[in-house]
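Single-structure report; data block below.
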Amino acid sequence: MNIDLNSDLGESFGPWPMGQDGALMDSITSANVACGFHAGDPGVMRATIALAREKGVAIGAHPGFQDLVGFGRREIKASPSEVEDLVLYQVSALAGMAAAQGAALQHVKAHGALYNMACRDRALADAIARAVAAFDRSLILFGLPGSELLRAGEAAGLAVAAEVFADRAYDPDGSLTARSKPGSVIHDTQKVVERAIKMVRDQKVIAVDGSTIALRADTICLHGDTPGAADHARAVRAGLEHAGIKIANLRMP
Amino acid sequence: MNIDLNSDLGESFGPWPMGQDGALMDSITSANVACGFHAGDPGVMRATIALAREKGVAIGAHPGFQDLVGFGRREIKASPSEVEDLVLYQVSALAGMAAAQGAALQHVKAHGALYNMACRDRALADAIARAVAAFDRSLILFGLPGSELLRAGEAAGLAVAAEVFADRAYDPDGSLTARSKPGSVIHDTQKVVERAIKMVRDQKVIAVDGSTIALRADTICLHGDTPGAADHARAVRAGLEHAGIKIANLRMP
Amino acid sequence: MNIDLNSDLGESFGPWPMGQDGALMDSITSANVACGFHAGDPGVMRATIALAREKGVAIGAHPGFQDLVGFGRREIKASPSEVEDLVLYQVSALAGMAAAQGAALQHVKAHGALYNMACRDRALADAIARAVAAFDRSLILFGLPGSELLRAGEAAGLAVAAEVFADRAYDPDGSLTARSKPGSVIHDTQKVVERAIKMVRDQKVIAVDGSTIALRADTICLHGDTPGAADHARAVRAGLEHAGIKIANLRMP
Amino acid sequence: MNIDLNSDLGESFGPWPMGQDGALMDSITSANVACGFHAGDPGVMRATIALAREKGVAIGAHPGFQDLVGFGRREIKASPSEVEDLVLYQVSALAGMAAAQGAALQHVKAHGALYNMACRDRALADAIARAVAAFDRSLILFGLPGSELLRAGEAAGLAVAAEVFADRAYDPDGSLTARSKPGSVIHDTQKVVERAIKMVRDQKVIAVDGSTIALRADTICLHGDTPGAADHARAVRAGLEHAGIKIANLRMP
């Protein structure tokens, strides 16, 4: 039994630091690296790639909308063609910077509003899948289980990875409970570990109404931008390993 | 006897068109494509690559300072490390977008203030050469004949191309006459053609004081942003061909 | 019988020119000047203010989303608080630059996607109205007749101006026919003049189904970014004057 | 005996916080608020103005080069006309946002590379002074004692304030010792307080070679972006007050 642990990293920009990349990389196996449109700059990207290589973490591109001030979290009504171009641009930029350090990308995970929109809008999902497939057919595309984004990836002939959130509540239909609702985020590390184990072992999660729902779990997202994120990640990893689950990126045998 | 003809293209941005890329590509052999920092956006880059492929023009990256409003023409005191990162980022982005269309880059030509600074400052020149060599050792680096940029490219093991300007006056020391001086730009197409022929055939140019200076000429830059640029380019090409000079990009046998 | 003629101007950016501002200003009475977020830069703003003063055209702020590459035409899911701040910032910037030349602003017209969203979303409309009222209660707020934007302006105690489009088809419910539909844009100048006269004289327009609908018309928008825009504007103005209608900005007696 | 204490604030951007604005404002009397070009965004500007009003701190504009990733610290070879426009734009934006909250600006202090360049280049200094004077002749212009910036301000009819740095070493010619040299920054709070007292009481400072140099000191800059900045500011203020020096902004009687 294997699981990948991923986190969004390289989100500093110019003079502004963000996150605890170094500490987080001790626990995760896949890093989603910002590509300069919603966060990250060429210097930050170079340093994040170097850190991932040093820590043995697989590198993925984390392309987002061109919206620094909104951190790529605001939906922008971009056309599929615009989305295809901006994903291809950002994936290319990161891949080239990684290649210059002797590293190849493992995966692509869209960021923030772009990810959410593409999970439910097939035209945008297809645009992302087209960009990734045109650049490198061996890249793994991340998306929510059952989402349009995963379907588009498969239709484009890409390997896909279903991403789950052990610290987020799920509605009975398998979608994430809106952050605005009470209890939508689970802060108790022990509870998060238990949910993570169930997700990996049973490919199931208990929804907010107590019902059990099936969901494919290839990779668990660990948030890196909260206080205590590194400690939390370490505990989740230790809990999974203690339960006999192997933590490995998606390319490891 | 061969010569390459290059032009800066893909300099439109968002709703703002610039230049006559399609018409120019009928005359040139190498296109320097803006990469989004001083001009160009992912959509413009995609379209410019497609046009170059259709017209059989070799594609090069044209990275510049991150200064849209100043069009990359204002010197920015960036560190060598910052320059290395921004060149690697932009070259990677364009190369990936080209690869997605089945095309490989031929060369890299820095833009505007970055080009001018790197031609005289060895630390910046080395930074550019390092970025290009780290990405792809087979890329050809453009620079002024005798410049630090060419020296840095050679020291990094890159093939280099000496770029000359048939429509610009030269000072006796081989540098371009400052644009602020009268007569610094030559508008008469016939005169430009004559200078171009001399540059290619004799690797020489007549300076403003009447002296003859030697200069290595591997590629001639044709400006694309002036009215009549396409007609001018056509006339220069025809004049060179009439003189028995073969117009070919730098990779052609 | 009076009417104001307005146009979006000052939409050049850095090295990229746009529009025929000088020629258009001979025909219009109110200029909506871009404020640097979707178009325009500080130098363009200064020059556009100077031109408006020279031509005796009233100056208004034309704030938009921070989206240069999308020209402010893409909807961004910004919060009312974000919209209030970005409108206040842009109106302040233009007003200060105008004051430095001895000119006061007449009005505020939101741009592109921001305008369209605020016309139908009261929370965003209120945000814009709050920003304008907080800055200067004497500014006139532009919006579509019957829109949430006009209602929000009136609720905030602002004078408002209902903006109509003589060259656009209207649906029977008084909304503009979608640009994607055939016949949505009227190119025949004579027809545009007739519609403009009817709008001013009768405050009515013939909808696409032949029905007559009432609409308040305080100002007619003339597009400045199409070929022949200046000629078209001159013809519309002449046609209105020939019909005995006085062309005057919203502050003229 | 009076002295003003100023600090650069409002330098957060989008999702990235910076500095300890609230705590610092308990000690200082003048806040230099970033205006969106090198740091700050409309939301941050609004919040910083509100905080300054609440704490009774005078508000000034802190315009910089349009270089977010470089934080306005890199010299850009902009023309005097470009500098005049970008200063006027930024001062106007902040002044309007302050006016919307019922506050008027006290001063203008250029940021980073723009400040340093204008202190030694009279043409850029004149450009800044022209922008400030055109906007509001009652604004106070900050600059280094004896700098071209102060001279330009006075020539433009503006009140000026000479800014000194109690925690920086001075060369015998009155200029700040380069940060690259050992001992250029003084970390010992007690020593900083002693230097501050001497600057205010005697309008003098001991240079690195032990010589005493005269320098006009109207305002002391306290850095806000270092760890312990708020504690340091509190200690400096307390030390000055203990020495019988009144801490007051430049408009207080």
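Think of it as A, B, C and D in the order they're written, each chain with its own count starting at 1.
Here is the rule we use: contacts are C-beta pairs under 8 Å (C-beta built on N, C-alpha and C of every residue); 3 or more make two chains touch, one makes a residue touch a chain.
Since this is a predicted model, take the numbers as computed values, not measurements.
Under the contact definition, chain C and chain D share the contacting chains A, B. Pairs B-C and A-B differ in how many C-beta pairs touch across them, and the larger number is found at A-B.
Averaged C-alpha coordinates give centres for chain B and chain C that are 42 Å from one another. If each chain is reduced to the centroid of its CA atoms, chain A and chain B end up 39 Å from each other. Contact of a single residue of chain D with at least two other chains is seen at positions 41, 69-70, 82.
Partner chain A is touched in their complex by these residues of chain C: 66-67, 69-70, 74-78, 82, 113.
For chain A in complex with chain B, the residues that touch the partner chain are 36, 41-43, 45-46, 81-82, 85-86, 88-97, 99-101, 131, 134-135. Contact residues of chain B toward chain C in the complex are 12-18, 39, 41, 68-71.
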